[in-house]
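Each of the next two complexes has chain A plus one more chain, namely chain B in the first and chain C in the second.
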Partner chain A sequence: MSGSLLRRVRVAEVEQVANRIKRFRLVDIDNAPLSEFSGGSHISVVMHSGDRLMRNPYSLMGSPTDTSSYQISVLNCGNDSRGGSKFMHDAVSVGSELEISEPLNLFPPCKLARKHILVAGGIGITPFMSMMNELDALHCDFELHYGVRSLEEGAYCKYLQSRYGSRVNVYLQDQGQMIPLESVLGSQRLGTHMYVCGPKPMIDWALQTAELLGWPAENVHSEQFSAPPPGKPFVVKLAKSGREIEVRGHQSILEALEEHGVDAPFLCRGGACGQCETGVVSCDGFIEHNDHFLTEAERVSGKKIMICMSRIPSGSITLDL
Partner chain B sequence: MALTFKDETFRDDFTFSNSPAAIRRFPFPFVEDKYMYSVNIEPHTTGPEGSVFEFPFDIDEHYVSEMRDRAMVLQEDPARCQALPHMMMAQWDMLELVMMSMARDYPDLFTLTRDGSKWHWVNRPLKIEQTFTFGDASTLPYEPMEYIGRQVQGDFSIQDQRDNQLWMDAGIITSQADWSLDFDVGMNFFEWHGPVPLAHEAGVFERALKFLLNLQISNPVRRLNWTMTINPRLDTSPENYHKWGKDRTTVTPENVGQKVHLRVEMQGLFRLPRSNAILFSIRGYLLSLDQLVTVPKWGRRLHRVLKTLPEELIGYKGLSRYRDTTIEWLSKYDDGAPTSRGGGPD
Partner chain C sequence: MTISTLKSRPTYPGLSPDHNARSNIIVCDKAGAEAVTELFSRADDTFAKRSTVIVAEGTTDQDAETLKTALAPATVGFQPSLETGIARLREFLKDAPMGLRLYAAGSEPLIGSVVQAAADYSIDHLSIRTEHRGSLKRRVQCVHCKGFTENVTTNPVTCSHCGLTLMVRDHYSRRLAAFQGVCIDAEVPGEVPETEALYQ
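What follows is the complex of A and B.
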């Protein structure tokens, strides 16, 4: 059981919402209703770019109860990325057809929380768009702390402030403003939950700040969709079938397997969900673990690898596939 | 399949029985001649026509009588249906999924008409007609889970998902195999599975939980579970142990065929879209051994399964007092011939 059933959609609207961010509105190819979803959910978008197949996760931003269309926002990472976001910016326009997965939620708000503190950096605002929609409808207590480089670089600042008023706090880096996280997290009552989404350094900072202030680990949540970091080519050997497959420098193991028709398990493709955990039979050198799923002990053991994110520097790795 | 609903009882005089067609579609759970726990999960997709797997929620000839028995249990013990306050959205998710499925799959029996949030539900077998506002519990005679739970076969629990765990925070449980919602409500996946022997050591629950946390919308899964029950009693709850526990001492070589029933649960797991909760359906089927051995393969195989069942499972499933009598009785139906793989009749 790898991945999930895919649905064909058509791009109904594209809007430039910030300097490097576009919003895409997707409708079912036959205008059938889409699944409802819960706040914090994402979909995977399948992209065929030349001979490459990519599947990138994007948070759903619209109202969870709107089944007529899904909305995603994509930051153009330019030429330094693997090409998924650039493909969406350059090659996808109104009328383009794409394939998407059903929604999956790895970042749900805790229903028992007395209050929700949402901390976003840049494009990390996207999962909070649907989350705030849901929390607002349920009359839950929440506040957003949203850091952007500048008003031109930040998406939806004005919209969020007009919709949610004083519950939204925007911090402009070019004005020297910083999220005052210590004072925000230092003065919350018991039962408050904190959620952070943004660049990795920001997530690390937020998690460390919460820990230092004595927040219980179960009240702290984060989501980070990182693309599999590139590296040098290497070879994957499959123990069961005896096949050998080359993984190119900008490919993940999972992508290389798919290119060669190997049906490997996956779901989130961001190293978070654990679905693609694969046994390692043997390996040249050390595994570069890039996931957020395996425990430290599991990493050290070298017996497991998350094939959507992790790789080896060179040589070959034999997987239990 | 046109359904004729039987008028029968699951208590007192126990008039329940299966028609020949119902015997043929019984979900016999043993795919080989021995049994051990496994993560036996498969996609809950459309099964063969007429089988119990054809639709997400199977309605059969026992529907009307089972719903009557459920109403009696709830009348005597309202704690069999509980939902914690944060589960209201999940309750509506469940009502929508069940109503949409039943109306689609059994259009002769059930009709759902939706106009925005104005919904109209017709249940012909139970003679119920209801107009209500989706999302407004005050427009229904019960909360949404109990309302639809009184109209669909099987027990249901709803699991909230948080902290990478599942929490049993709601349920309507009236025909259970010796577990209690009142005791389990609010527990997490590992806690409520605490009493199960052997499976913890095998790592079954860690794997199952990891799988379920990633369960996707529109991709439900199912598994079969089983136990044995003396008399065709639906409500074998801990709350009523004083009523049914002693039945286990009444099995004799003469009455095994009528008294001892194989009890199979087809368990479905559905991701609920708005709440991100998981609906767990426990759809039970009972079959007396007299009726079971009308399928020769099942008689042979059940004999072999019971003979080789690990001691821990015999105790956990409550079979200790009548297992030997039952094996002796079943031995008459086991000629030693090989059995084919899979659970279905030959």
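What follows is the complex of A and C.
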């Protein structure tokens, strides 16, 4: 099934790059070369934490042509989240072995663009690290607008400024600095594309700002990896095999299926790519759609669910699996 | 009319105003101008003021006056042919900022030429709002000699360059702004189906 090819890696280096952000360098367990990737790609890291199996997506940050190692940055979300990032911070150190997926790119820069405006908030800087590497090598015109809470909270501010100079603009929230997006987007030549990655409110703000300035939707790109929101336990019934599987409160349907050995399709695990779209045969109550993929009409129909992100409040749901 | 099993065959959803665009450039022929008038009637008052219309087809002085009145308060420019109309469009796009929205209304060669020129300025074809009006005539490229035959209204058609009898396919090239024409009697020269006036 797609997305399930895994590679074993060893953690070669861990560095605290900001208050709550660590950088991990991963090498193949046998020191074999890793796959090349394209700017904006991510991998999924498989985590076995207690009785839980999680696969969290992290953007690759290094040079896309460097096959000796992959680098990811992880923000510790503490106890607020499901525990994947906390597991990486607390339980993973140099020498730890992990399983990762092959790189996947759902956030590539548009190669035909005449200019690229990159807008990052906090940990949302990560996909732009490899993207800038690639754009710079291709001599593409780009500029980064990077908002962080403070210099201590923001990763790679100094590094990026020294490497890319005036193309990097850092805004410090604790100094009252805001990304002047309206003036940035208001004075760009035709054929410019904008890319935004960061917290959801920031993405919404950037997309809306671009739309109100008359930017076509085709010139605007965003990526957000959201973890599946928790809820109450419920039961998934599989129409084809007749099996019944319980989904715990902090699990997604996809994770529960995997725990029970069901090979369901997936790629991004963040509700963005559409790979895990599954038919709904019947359902108690309504579906809490948490993806960014289904159209409004598809949501209302109740016939489809993205099993990596969405759930039901209680009772049972029968899937066409 | 534009329904095809071939994925490359373009579709034209119809003109709709982008009220957020700071300027609108609209390219049309005489038939397409009616769609532009309807577009303006669906939009708010300031939309036409922010719009420039390029009529890329020869018009009589009287037609031009009528069109100017119908399209007011938009700025309307008249060009004697599709070629000169596209040249004018390129001048507008050359130094234009983001926030410009492009529209095309009329025959398929007109819409295709606008999409083709816009690609040179990194405008995505999907962001161009299009509406087909008037003739179904096609621009056809002969896949054998690579020559273009303009204003094709029949299938099959004789290539205006190499003389082969071509079947006009729905296979479309955005880069060339043309449908592909393939020799229809390669097996048995002269064995040609009846000519149909499919694209009047």
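One rule holds in what follows: the second predicted complex is superposed on the first by the 319 of 321 C-alpha atoms of A that agree within 3 Å, B and C clash if a C-alpha of one lies under 4 Å from a C-alpha of the other, contacts with A are read in each partner's own complex, and residues count from 1 in each chain.
Just so it is clear, a residue touches a chain if its C-beta (ideal position, glycine included) is under 8 Å from a C-beta of that chain, and two chains touch if they have at least 3 such contacts.
Computed from a predicted structure; not experimentally measured.
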item: Superposed partners chain B and chain C on chain A - clash or fit; value: clash
item: Partner chain in contact with A:Gly302 - chain B first, chain C second, else both or neither; value: neither
item: Partner chain in contact with A:Leu112 - chain B first, chain C second, else both or neither; value: both
item: First, second, both or neither for A:Ser187, with chain B first and chain C second; value: second
item: Touching partner for A:Pro265 - first (chain B), second (chain C), both, neither; value: neither
item: Partner chain in contact with A:Glu102 - chain B first, chain C second, else both or neither; value: first
item: First (chain B), second (chain C), both or neither touched by A:Glu36; value: first
item: Between chain B and chain C, more extensive residue contact with chain A; value: B
item: Touched partner set for A:Leu212, first chain B, second chain C, both or neither; value: second
item: Chain C clash site on chain B (candidates 112-120, 220-228 or 238-246); value: 238-246
item: Chain B and chain C contact sites that coincide on chain A, given as residue numbers; value: 112, 218
item: Parts of chain A lying in touch with chain C, wherever the complex brings them together; value: 112-114, 185-192, 211-219
item: Interfacial residue positions of chain C with respect to chain A in the complex; value: 18, 20-22, 93, 95-101, 119, 121-124, 126-127
item: Residues of chain A that touch chain B when the two form their complex; value: 1, 4-5, 35-38, 41, 64-65, 101-105, 108, 110-112, 138, 218, 267-268, 273-275
item: Residues on chain B engaged by chain A in the complex (per definition of touch); value: 43, 86, 89, 160-163, 210, 213-214, 216-219, 273-276
